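Next come two complexes built around subunit A: one with subunit B, the other with subunit C.
Let's turn to the complex of A and B:
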């Protein structure tokens, strides 16, 4: 069986499990909507224009929601010992890591889509920019978030600090991604042409691919027993 | 002896006499480093001329730049030792990484404190979100994470592997930090010493800087060597193999 097929099977297994239990998906989506809701009335709207802050708030919402979700990536499998059995299966560690990253990527994309819609509604943004451009900016960002979240999620799972360790490890790695993504999204919200956005998106892809490659290469060292 | 302890025993063959010798070398280097740094303070106060454009505040350069240099040496050493540990699983490489990472945190803190003090006068602000400062701060926080991982993972073998991975990831932006002032022109000064056409500092400033660089480097390697010896002795004691230094034989 090829690695690609294993990646697909592991991702499908994780997603089926997530959507059957529903807990983590609902928690991440609810967190995203509530965060946007709180942002909308914690800012003085008479002085702050929604268009000016929407991009930053969108990326922060997706970031925190992803981190909250990533911390639970391995919970179910670790609790009942299934993850140890998965490691014993004749599957490469790269495939396990990439499969779990793909599953997390689907969840992060859902969160990003919902957060973008929620911010547009709560901030009353009449013309939020091209949906295709938003997706082109958010997708590589979501890959980076899923890659780092999956990797550090396993480390924090074994830490007595639990979820409090995850932001300390992920935020320094993800800060350049968030900064570039927020800059690009801000230009999309303002309806700027693709020529002004493309450079940031290329850098976003470079960082996202870098995170996937590094995570994939180092994953076997954090799964050795 | 459990699995973690057995793994911890790998590479723990340093004798107490060896540890004692390392300790003396470390102490000597640290003392030489402190002496050199005291000399640099005298040079800063009484010998080196005041820089014309920035005035007296520029003298913090002789502390800030060597602290930054030492931080990057420490981070590079911690990352290489962590890679070696992941590859060879020899405990001594992990001890090397821990000792270097402690240096990275301490000298990094000196760099991150002196930079804003200089920036407040030179740039008019304590902090500016330019690439070199931002990436350096993020790298420092990764090394805070390195120690949190070590302390918070229950299995020592697993904690060492996890921390090694964090150290490797934390060092990945060293090349970016180095080239960032050239790639993203900003307020941060560009290199004045390590340049293709040679240093462009006046001789007395260059001598002061090089003395400080030597002092900081010796202090770091002195503390690093001392910590390495202490970590090895501590682990030998934990796994029940007391060294001759500990038993007095």
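Let's turn to the complex of A and C:
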């Protein structure tokens, strides 16, 4: 119970700061809308059906927006050395990691929802498939993106290469998640039944939970000097 | 109560930032650690607090080994450093309530108010931290560090950037905390102030202890001279 309370408080603290400063939230959301907007102009829609490419573009947009946001996960912690004090508090490292992952998850979910809506509008997709099915696919994907982003965000922050290291670390790890997610989302856009989607969603959950567990277990090692 | 470090070694790559240091701090005492830049003072403090696991040696509280991995140990510590460790986009009250919750204080709001009163900053509670001056932030940081009434208070260059009034206020709070069940370890460049506050002092150079003793035996000029001497036998 205490750990859940810590996780909630850390997530709320992060989100309060993010929405007050606006910088990271605006950057992530603006990137998502702009990317979808540009995609809509880059394709010849007399030859390419929006439904055929929407899933891939959706996941690409969410992936790159998430990576851009993950690089700034620890900005507020480093502004005046707060992270040192948070680590010194008698809070488990798991709670710190999970709290920050939950905050990132909220932002990734916002990006995913906005990107899905933007693609539907910009590509003029009249029947984009079940919203519940889209959410069922995107949510475990967002958990995986947030978990990996939080973990690698701290590693890249401590590296001399900085944020430029983030895509190099995250993309290979997230490749299975993204390919599965895009496949499942494509079926949702095409209006396929849940029986054709459920297997991919179960795998997405397995990968997402795996990333959270591994991130949580390893986080203490990357926070040690 | 006694806090001791025994044969502490901390390495950063090939560099031994702390090189076989023994250190002792007792209740009702302020231990001041002096030394030039790069002497290993902050690393020693991190080793004592458990922020950094020493590569060799151990930290003992009343003769029993303690570790930074133990939340029970961390709950007994407070830290004030030259960086305030506050979240700049939160208000002062939000910062204190957050850290009160992290330390498991059930009445976080009341603890925050009392801590702010201790450092004379109660009127700052609703102010966004980024709007505060350096001195005001440092007062709030001190309030945050005292809120859970730590047994051991570590101070890492806490006077940096403080105006004379702020520094005097910090000194008063530190002296008021002296009691048999409390230990204060102060790392500072400010020899005069450190000597005034400390009961015992220790000088480090190049990761090694070069001098230690009762504060009353030394003056600032004499200590400054030891900064430039080669590490040798402990006086």
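The rule is simple: the second predicted complex is superposed on the first by the 224 of 225 C-alpha atoms of A that agree within 3 Å, B and C clash if a C-alpha of one lies under 4 Å from a C-alpha of the other, contacts with A are read in each partner's own complex, and residues count from 1 in each chain.
Here, a contact is a pair of C-beta atoms (placed from the backbone, for glycine too) under 8 Å apart; a residue touches a chain by one contact, two chains touch by 3 or more.
Computed from a predicted model, the values in this text were never measured in an experiment.
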Name the contact category of A:43: first (subunit B only), second (subunit C only), both, or neither. neither
Looking at A:80, would you say it contacts subunit B, subunit C, both, or neither? Reply first, second, both or neither. second
Is A:13 contacted by the first partner subunit B, the second partner subunit C, both or neither? second
Given the touch rule stated above, what does A:21 touch, subunit B (first), subunit C (second), both, or neither? second
Should A:88 be classified as contacting the first partner (subunit B), the second (subunit C), both, or neither? second
What is the contact status of A:224 with respect to subunit B (first) and subunit C (second): first, second, both, or neither? both
So in the superposed three-chain picture, is A:121 touching just subunit B, just subunit C, both, or none of them (first/second/both/neither)? neither
In this superposition, the partner of subunit A with more touched residues, subunit B or subunit C, is C
Based on the A-chain superposition described above, do subunit B and subunit C contact any of the same residues on subunit A, and if so which? 224
Flag every residue of subunit B that touches subunit A in the complex, lowest number first. 86, 134-135, 138-139, 141-142, 144-145, 148-149, 152-155, 158, 161-162, 164-166, 168-170, 172
For subunit C, which residues are in contact with subunit A within the complex? 46, 49, 51-53, 71-72, 74-75, 77, 79, 81, 83-90, 94, 98-99, 101-104, 137, 144
Touching subunit B in the complex, subunit A uses residues 155, 158-161, 165, 168-169, 171-173, 175-176, 179, 214, 218, 221-222, 224
Within their complex, state which residues of subunit A touch subunit C. 2, 5-6, 9, 13, 16-17, 20-21, 76, 79-82, 84-92, 224-225
